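What follows is a set of structures to go through.
Okay, so subunit A shows up in both of these, paired with subunit B first and subunit C after.
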Partner chain A sequence: MSRTQNEDRHTAHKARLFRSLLVFAGLNLVVTLLGLWPALWWAMALGNFVLLVIMAEAAAPLVPGTRTHLYEQTLAVGFPVLLLLGWELLVAGGILSPDWFPPPTRIARALWELSTEQNPFTDTSLFGRPWLLPERVAADGAAGAAALAAESHLFATLMRVFLGFLIGTIPGLVLGVAMGLSRTIRTMIDATLSAFYVLPKIAIFPIMMLVFPNPFGEGPKIAVVAISAFFLVTINTMVGVRDIEPVLLEAGRNYGARGLRMFRHVVLPAALPVIFGGLRLALGTALIVIIAIEFVRSQTGVGFLTFYYWEILAPEKMYAGLVVVMMLGVGLTAGLTALERLVMPWRRDVKQKKGKR
Partner chain B sequence: MSTDTVDSPHNGAASPNGAAPKIRAVAVGKTFPSSHGPVEALHNFSLDIYEGEFLSLVGPSGCGKSTFLRILAGLAEESSGQISIHREAKPSRPLSSMVFQEYAVFPWKTVAENVAFGLHMRGVSRSERSAIAADWIDRVGLRKFARHYPHQLSGGMRQRVGIARALANDPEILLMDEPLGALDAQTRTVLQEQLLELWQEGRKTVLYVTHSIEEAVLLGDRVVLMTAHPGTNKAEFDIPLDRPRSLKTTAEPEFARLSYAIWESLRDEVQRSIEEAE
Partner chain C sequence: MNYNRLRITALVLSLLLFMVTFLPAQQYAEPLSPPERVVVGYVPIMKFATMYVANSRGIFEKYGLDVEVQSVRSGTEIIAFLTQGRVDVGGIAIVASTWNAWARGMDISVIAPGALEPMEGSPTKMVVRTDLYDSGQIRSVADLRGRRVAMAGGPGSGGEYLAAKALERGNLSIRDVQALNIGNPDIPAAFAARSLDAAILGSPFAEQVLSAGTAVVLEEDLTPGVMTVAFVGSGNFVNQRPEVARRFVLALMEAAQLMQGDEYLSDANLRAYLRHINTTEDALRTGAPVIYDPDQEISLDGLRDVEQVHRRNGRTEYSQPFDPAQVTDLSFVRWARSAMGR
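Right after this comes the complex of A and B.
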């Protein structure tokens, strides 16, 4: 009896999927034939999204349990691909202006040009010319490598993020641990820290320009990135250390852990998950801050490149710059996640369990 | 056989062999500061623990039994009273190791690293400590899981790690703070039996804090009852059940009689602690 019920349900799901597919195809066909896309494209985008959700929901129970992961991957990858496709079609149909919203294919081509061609005026490009590296190093040693690196906008941005992140993170970790462990230090510093935390860090860029001997050099830029990272890391580290389950600290003490050993074997590993949360936030913020600074006050970097192509009205290259920023964010976060897995082996399959939900 | 209520335990309960007690706590009090003024957790509490004795400490929630354990473990300080501990001549052996509830096993260390933790902190060489840890992991039946992390184990297995961690440290006194309190009833029963076996092998001095009267009677040579908040001595019971004990002991009429007698004595205190909480 239950078997027939199951079969009935299966047929019902199939029918629902078929119906929603029919509505989806019919609606789009009618609107296209009547030439209503320019007038209704917003409503259609919304309507098609709702229909997609209904179709996916109808298809979900038909997917066998072993394929659930694949099905979800398809949804995760398929949706952005559909978005890009929709964008492309809207531009091709003359509904979106290619001047302000160049289609994804043109952005992709611009990205390719940006990566391969030198700018004739500034003698720079996105990646520079890394293939010349062995030659230059052979000729001029480290100076040759540095000269080559200066040609690359990506390298400039990466160096600023990397150095700023490092310089801000290390003292942030130290102060955060100190504040987490000592009530006195926490009471003294907490209010000040909160006040500085809410200050938009980009606003202290002018001060940094005054502080450093060369206001237009790398110093002020890296300093602002470092300061942004510092506050986020400090606050998260403090919370991570303060919220350690007291029984774990008691166990450490009872089994003879003191001082540095207590820190290394109990405090640090217990706080690491929250600390890594802070590092991730800090990395994202570092990227935001450096792109903003490169917009206004820099002759190098991905942010500069993006803004430069807006100024000379080359929108597809401006978009290409934004794509690079996004990839930078994804890449750096992936690097941090890899580090997290390396440093916290005991959390590896905990993550996987959560991921499957 | 005596189930005498005593005001001061040193008068009534003499040592089984007349020796001086391993630990003598006299009129211990503990007061915590709070924003509503000082809170008294422990009041005029006295206790003698003898070498090789398994002592169960029972009382209603919040009676300060865990506080007393923490004072003995050196994790807290008494506000009043005296505690004298008769230490062994061997200085390398730690005085006490505590078995906490199962979530006190370090999640970032493998079973083997957890069990070797105390030895590691005391500077025992790597090869020596891993040999000792392996032995204890074997004895608690976790050999196959030595390289696992705690989150890969069940609650009962995690607590066996906690017990092995304490025993591998070879303390003079084993302190146990409701070690089975967070486990389900069946797992708990299995672990009680394992605990009996492990104790039978080593006959270590144990102070065992629990909520469960049956657990206290099954495991202990003596059961000390505490009053509700602030905790002080309520009564004391000798448990003359034969050793070695096992789960079968719970079927003996004497077991039931003792459990009920203790419950009779504790009932008012539990009532009082419930009323205070409301």
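Right after this comes the complex of A and C.
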């Protein structure tokens, strides 16, 4: 492409960006002056989003190659910031009720209160007081640590998710591999597995309460999380193992791999991407299930905290609880992605090569 | 002739005096034309039965009200709909969320009472596991310290209020026991599995555990005569449509008068109850009735007690007492009483 053509394209992108900026500003000004925001705010939010996408598309070719990564990061961070700003403005303009849709600044304040203030009646807070751990362990040993952990709603939720996930995942992996490798086991179990898989797991919580000696303890909650994770991991592992390309197995055999060696060096690495897909789904489902259980059947946990503040009508604290749930989702997924990179370093290399191309 | 004229004049004057004295109430209560639409959200419990009777027996229509009723699971949802103007009247329990809503300045107010707790023979009791009672481990409320006590509705609910009132009798608070949020239908099974020590239990579940022998009554008549539920009007309904609100309350009062004594279980009333809540005729016939005050008195003292208990339990977002008189509009009940000639 010649230099003139490049300059022409550059100018065209600039003009497009300028035009969309003009439409964006003009539209917002006219609607504001005519006082139409309350009636049209949904349409305006959608329209502004479309215009922002057009502007970002137009601006992208104007960004120098060395700054592309920074530009993309700005888009990734800027969009949620704009959303929050829009929310704040809609409340300030009286379009959204501050009682039911408190502005982000109030939610941030409520989150700060939940994190820093101990409930004087239950002696609990969102994070608890982990900094006292060395002191309590020195004084009372494990009992001191347990008492301190009981003060934290976040710890309660995390503990249930981790234990449930672990208890469900290990047998899920074993059964999934067995079903993937053995036609007999697959034939026997597949239909049963499919039938149980579609059950809403929250619906089996009352049954779990009957199974455990202490129906109001941690057992039934962790069991339901484990069951949720088990089905997803089993099905994904089975699919991962079954879908291994025959050429890989053949190559393994040619190199003399049999039995456990074949499993360790060929089957497992080949099935791992699909297995990790299942683990990601299972972890997300585990979080959803435990939050739902905590809503109605628990005295601790982030789900309990969220629903509690709805029930006593403190909406900003309820939203703060939802923010914590979202952050938990992001954090847990990031943790699993990091583990995936650690376990499958070759995938990272492949992705990098693809990216370079 | 003069004598006759005098008699006629006296008669006319008497008639005028009668009209001045009695007819205004009758005139105010004339049906609205065209009928006015009223959307009512309610938590389906028997304490709002005056509304069920007024709706099913045509009393709302009689006063020109076109009432749409919507059953809702939680009072907090109704508060949200009331403040958004989607619901005109809410039949809700006066619980922690209601007090927090008022403290936030939400524009809703009590316009009529729900049913009052009976003075004696209340259907809601504090029951304790039979083996704990028989072995002497729990013989009074004071023995419940540290024990697992179930209450439906969870923190800040009506169930917690009743539990707090029961525990007061043993100088305990809800923080002195392990308070468990368990739905009423799950409690009999929990008693059978011995996973509970005590519970606040309403009808018909209380009768169920008592007849099964898994629990015995520890305390009853926890809040005699107290109003824990009410009809709450949205600000728009109360301020912009007072004529409609007056007739709504009048219809409730008329319904309450149709529910006194044996009439409570009349065929027409039973049909009304069963149309609005999930229960059985047997449960209605065997359960102890609550009080449907024919005068629809709103007891502010009872409301003050409810507020104080929730505040002391730490369920309110404020710490200073909140006077229910600020959010109670007695004018509708007074008008209805006058219209009924009471």
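Definition applied: the second predicted complex is superposed on the first by the 349 of 357 C-alpha atoms of A that agree within 3 Å, B and C clash if a C-alpha of one lies under 4 Å from a C-alpha of the other, contacts with A are read in each partner's own complex, and residues count from 1 in each chain.
Definition applied: a contact is a pair of C-beta atoms (placed from the backbone, for glycine too) under 8 Å apart; a residue touches a chain by one contact, two chains touch by 3 or more.
Predicted, not measured: the structure shown is a model, and the values here were computed from it.
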**Message:** Let me test your reading of the model: by the given contact rule, A:His69 touches which partner, first (subunit B), second (subunit C), both or neither?
**Reply:** neither
**Prompt:** Touching A:Glu245, do we find subunit B (first), subunit C (second), both, or neither?
**Reply:** first
**Message:** Tell me the contact category for A:His265 with respect to subunit B and subunit C: first, second, both or neither.
**Reply:** first
**Request:** Mind working out whether A:Arg253 is in touch with subunit B, subunit C, both or neither, as first, second, both or neither?
**Result:** first
**Message:** For A:Arg341 in the superposed arrangement: first (subunit B), second (subunit C), both or neither?
**Reply:** neither
**Asked** Of the partners subunit B and subunit C, which touch A:Phe216 in the superposed model: first, second, both, neither?
**Response** second
**subunit A positions touched by subunit B in one structure and by subunit C in the second** = none
**Message:** Under the definition above, what is the set of subunit C residues touching subunit A in their complex?
**Reply:** 74, 76, 79-80, 83-84, 96-98, 100-101, 104, 106, 148, 154-157, 175, 179-182, 186, 189-190, 193, 195, 313-317
**Prompt:** Once bound in the complex, which stretches of subunit A touch subunit C?
**Reply:** 97, 99-100, 119-122, 206, 209-210, 213-216, 296-297, 299, 308, 310-314
**Prompt:** Hey, which residues of subunit A end up touching subunit B in the complex?
**Reply:** 245, 247-248, 250-251, 253-257, 261, 265-266, 269-270, 272, 344-346, 349-350
**Complete:** As the complex stands, subunit B meets subunit A at residues 70, 73-75, 94, 96-98, 100-101, 103-104, 106-110, 117-118, 120-122, 149-152, 165, 169
